[in-house]
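Letters A, B, C and D name the chains as they come in the text, with residue numbers starting at 1 for each one.
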Amino acid sequence: ETMKIGITQNNVGVDSYQTTYEKAFIDAASANPNVETVVLDAGGDVARQIAQMEDLIQQEVDAIIIWPTNGEAVIPAVRKAYKAGIPVIVTNSNIAEQGFEFVKSFSGPDNITQGSRAAEIMCDKFKDMGIENEAEIVQISGQPGYTTAIERAKGFEDRLPEVCPNVTLVETQPGDWNREKSQKVMEAFLVKYDGIDGVYAGDDNMGVGALNAAKAAGREGIIFVGATNFAVGYEAMERGEYWGSIYQSPVDDAEAALQTAIDVLSGKDVPFLNYFDTPKITQDNMAEFEKPVF
Amino acid sequence: MRPSNLSGVGTFLAKQGILVAFALFMIGFTIANERFLDPDNIMGVIRSSAILGVMALGVTFVVISGNLDLSVGSMMSFATIVVLDLHDKIGPTLAIPSMYAMVLCLGALIGFLVGYLKLNSLIVTLGMLSAIHGLTLTYSGGKNMDIADKEGTWFSVFGQSDALGIPVPILIFALLASVLGLALAKTPFGRKVYAVGGNGTAATFSGIRRARVVFTCYLASAFCVGTAGLLQASRSLGSQNTVGQGLELEVLAAVILGGASLLGGSGTIFKTVIGVLILGFIQNGLLLVGLQFYAQYVVTWIIIILAVWLDIAAKRGKLWSPIA
Amino acid sequence: MSNQTPALRLEGIVKTFPGVRALDKVSFSVMPGEVHALMGENGAGKSTLMKVLGGIYQPEEGRIIVGEQPVVMTSPLQAKAKGIVFIHQELSLAEELTVAENIYLGELPKKSFGRVDWQQLYAQTDEILGRLKVGFDAKTKVGDLSIANQQMVEIARALTVEAKAVIFDEPTASLTDAEKVVLFDVIEDLKAHGVGIIYISHRMEEIFKITDRISVLRDGHYRGTLTTAETDEDEITQLMIGRKLDLSRNASHHEIGDIALEVRNLSCGKLFRNISFDVRRGEVVGFYGLVGAGRTEIAETLFGLREPSGGEILLDGQPTVIHSPADAIAKGISLVPEDRKGQGLILGMNCRDNMTLPQVSDLKAGPFVAEGAEIAIFDQYRDRLDIRTPGWKQLVGNLSGGNQQKIVIGKWLSMHPNVLIVDEPTRGIDVGSKSEIHNLIRELASQGYAVIVISSEMPEVLHVSDRIVAMFSGKIIRTFTSEEVTEDNLIQAISGITSDKAA
Amino acid sequence: MEPGTLSTFLKRGAIWGFIVLELIFFSVAGEYLSLSDKAFMDLDNMLLLFKQSAPIGIIAIGMTIVMINGNIDLSVGATFALSAVVLLDSMTWPIFAGLGDGVIPIAWGLALMTGMLLGALNGLIVWKTGVDAFIVTLGAMLGYRGLVFMYNGEQPTSHLNWTLVDFAEAQFLGLHTATWFLIAVTAAVWFVMNRTVHGRNAYAIGDNRTAAINAGIRVGPHMMINFMIIGFLASLSAVVFYSESGSVNPNDGELYELWVITAVVLGGTKLTGGAGSVLSTLGGVLAIQLLRKGLGHIGADTETVNLVIGLILIAVLFLDRQLNLKGREELRI
């Protein structure tokens, strides 16, 4: 008997992580003869996502996977599915605790940990260079308002003073997950601050944007650290221009979500918080990782 | 009629309110942060405004002809993605003309729909905004597009190199602005653009082929968008599918800030350039002052309204609107 | 009359625009129950004076006195409250709304909750429309009406309020004779109720027919007031333009040449059917008919603006299809359209650019427009047509109505067409310039152009035409030569009374 | 016949014809392409359609009157978000702590006030400075969004109140709460535009502003009232939507202005003002929502959805033009 699984994603096409996720999800589903999927995308709009939840409920799918646009706003919609007896699996970024009773499982990376690991990468490098007591850094965060952006910034900002108490974060501005925007932000930072030693970016796309700005301005020796390693970031690391990032595979993310849904439907026991590991990647250990496909 | 005397300064202010506003902002920012007037910074702002600026040049034509173009942002993403993709497939020399050809086809399609079929330009270009985004995603499979060999290509000249000590994007922007500015102000075609936007019916009655004029304006817009995509691609040698997203409104804001009326028939390339620079310097100035991005939003709001208000108040000679 | 208090009085009014002193210490008054004409050349300042009175412009100097009270009027609303009603020269209507809503614009009758009292609105409107004897009803959308009928809607506004004074700014410019009669009845009626009426017109016969006194403006200056019964045309024109007019037709007997334009059985849907006529080089053919007779539509078809549903057009004997105005122009046809604001001009453009628009592609110096050549053309026609403007840079929208019309005429004359079609060419043009334009039309004919003149003014058609085509309801009733035609048989023909049909 | 009656409704029929086409297409295509065993035109699904149309729909109704008035409001998305922030945050304010669920009407009131004030501010600026509404509201789109972020940093503002959620999810006579609001707003605004002096004056101002001024209509206050109405409706939309969802991201409502304007123009309202109909706007909203829903139903992917929605918008416009052609004898301009 086939399982009908519906998924409503956050915003496909906004960056290649989400696009690769979608492809991987569809591939994984079609590889499994027992699974049929309805793949929807909310385009970043909560209202549209709630409508898609309602539609999926109305179409009587067997399970729903949701990549929340807003971890709280979707709770009532999740409750509707729960009331209709449809199990809900949250993917990539979690919903708020109030909604936990209505979902079966969360599957995805731990963004807070990612942020704090990025802080550690940065700090370790500064210690190597012996500037851990004077370094100044700037942060370029993701799209304002998005859980992922908020959590990665929070993880970083909380962890940094613990490991490197004397490093100062002089300014944070959003780069909207956008390489171009990030490049502009970095250009202004470079004009404004003469002594930038490090840049932390919410993902490598933005990190590379900042790197481009620094290269154009002829500023060398800045340490760039991202979270979520993209192909561009990996290449920049190969060239020795970019220090490190967090390795996170959208393929793992998608496959984990689908597998969790299948497990739930087959009556298996699944842990409620189903984090997959996202290790540190730096120029030192990058040989252990394959180049990301996105 | 006996002419009544208006002082030269008064007339100048009335005509160039926007320039005065521009000067005021520059002074304000310089007081707030002395690095603002640093030549490197100024060059940097103009260089990063060049992409928006090039797009705004084309949109100026469209707006003066009485139409809108909301598709420029997503068309710019398309151009960037296409030229990057083709760069690795057929080499930069062929990639550039191929990209222009594709973008001009899209421009021609819009021009056909708005000019010849007389469909409402707001909806047509809004539709194209969405459709071209879909096209880009289909083309790229939703992935980032990057040039494989970033060091070994001459393709970076457009976005990254200098000539005569000036960054090439600025030169291209300046060149295009001069050519298009002359075309608009001095050629028969430019005159027709104003006529069609000022009163399309009367223009038709004067033997102007309105559809053809509108069509050509969209081609001009597409050409500018292609150029912007080229600059963008060359600047970063890699891009997301959403690189131009949201630029349509910024472009429109710049054009309007320059004093073009959305009803058509008025505006100039020179003023659009001023509009572009104002936006660029506001953004940069606020970043330098160190405001949170959301405080920047609020300040931009106030500045846009003040600038336009100053401009029209100078024109009508009264601060407050005479509307009852 | 002189021992009464005037209904309103203007004293020492000064109004300037950038580059123009439109009114220079003008004083003027109108008595209750008087019809007071305001005359002057195009651009003399008549409309501006009235706009001051109507609260649209604020004068720099001078006073307005209503009854015995000096008043300051800063908006049309205040003028209205003082009992001043203003019927504008340029139509001032909301086209998407109904006739009733337009007539009561700004003062729709209200019920509870701010609702419109439609019943009352329609009742009142019907009553007014009844008095005006028009052929449309209160619920018609104004945009669906012809220009003439829209003008009647404007006029209807005069009847809506208890007015102390009503200003008519060239109300008859686009009316036909029948409608004029109605308008004059309305004016008589208002007059009998003690309303003071200010009447602006360039048409002498109307002035003599309905006015009591005449005040004249020239170049923004007050020139004097005459009593209508004691004056004549010569005296008025003398005051207006400072010289006498020679109104006789230039009896330039020139050769009538070959047929330049021939139309055979031309039809266009329901607009007109089976139209056949020809125009020879050196000949002026007048088209005369009532509003809606279809004359304008024929002109538009000849100019490539409408697709004929049947028939043939021949230029110099060659059958042609005219695809568009651009095509028509290339084939030597020009059209001076009847709606100068909508079709003739780009109001936000300057005078020179408007005038050279159809030929801008031909006036080139390298890739650019040859501005010197443009200015030369502009200067030539400004002098010829006596266009009053501070310079070519003035926006056409800032010109007086009559001067705008002259720009349109200049624009098409400067094209030197083979076939020139002029639709209501002298609408809103002062007497001096009018005769100048008539002379010009005759002169063009004598130079070998074929000219079609569409006009709703019988004297004009009779004056300029070699032959006259009388139309009624989309059909040609009869074609007269200038020898056969009389006022009577022309009126008969255009009213659909078919006595002898010889086309 | 008074304006706004059945005949004008049918004359602007293209959008309704298009809705019928969509229904037929998705029903047939759904048979082959959809995973679901349920028909597309299932009653529940159609009821959902109305409910899901409400957030955009309520704002679009407001946009119709602003556009009829000859203006435009690009700040509605930001107003929507700011009102939502006020709605959800005010429920947690200590001064209202003792009220229990009694805080709900107060929070609603505050949110609606917020929208009305923001609208009034736009209106006042347009009126007093004479700056074009497009520019004023383009600026406000940024400015109001900035206020949203200032309120709570980049964090979402959340307050889940299950009483409120239950109310918002309720169905009365089969229709969802949101649908009732949409219907009520449509009816009320239709009444205002077609039956009241304010509405008719708004048409006149949009049609020919000079004529309206000459006729002594006070243009400024009318415009301001309309901006207040759209501000109110943007916040009403937020009230209806966030009562159910309980959390607002600071960038919620982005791009709403474009979708709202699209719906309004699809409904036949002229961008230049003076003409337009509230009912046709409703048609425009339903057509867009139906399209999204239908594409989801038949399983179209993101690229296709973008592509198709774009092309369909243009197709509807084309259809509308073909239907309104007056025939060959029309002036070719």
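Structure notes:
FYI, contacts are C-beta pairs under 8 Å (C-beta built on N, C-alpha and C of every residue); 3 or more make two chains touch, one makes a residue touch a chain.
Because the structure is a prediction, the values reported are computed rather than measured.
Taking the CA centroid of chain B as reference, the farthest chain centroid is that of C.
Centre to centre, using the average C-alpha position, chain A and chain D are separated by 33 Å. Centre-to-centre separation of chain B and chain C, using mean CA positions: 43 Å.
Each chain gets a centre from the mean of its Cα atoms; for chain A and chain C, those two points are 71 Å apart.
The set of chain A residues touching two or more other chains comprises 12-13, 22, 144, 174. The set of chain B residues touching two or more other chains comprises 133, 137, 142, 201, 204-205, 293-294, 324. The multi-chain contact residues of chain C, meaning those touching 2 or more other chains, are 75, 77, 305, 324.
Annotation, chain-chain contacts: A-B, A-D, B-C, B-D, C-D (touch as defined at the top).
Touching chain C in their complex are the following residues of chain D: 1-3, 195-198, 200-201, 203-204, 207-208, 210-218, 274-275, 327-333. Those residues of chain D lying in contact with chain B across their complex are 125, 127-132, 134-136, 138-150, 213, 218-220, 258, 261-262, 265-266, 271-272, 302-314, 317-318, 321, 332-333. Residue ranges of chain C in contact with chain B, taken from their complex: 16-21, 43, 75, 77, 219-220, 303, 305, 324-326, 328-330, 335, 337, 342-349, 353, 357-358, 360-361, 363-364, 367-369, 388-390, 411.
Interface residues of chain B, counted against chain D in their complex, comprise 70, 113, 117-120, 122-124, 126-135, 137-138, 142, 200-201, 204-205, 210, 249, 252-253, 256-257, 261-263, 292-298, 300-302, 304-305, 308-309, 312-313, 316, 320-324.
Against chain C, the residues of chain B that register as touching in their complex are 1-4, 6, 182, 186-188, 191-192, 194-195, 198-199, 201-209, 265-266, 324.
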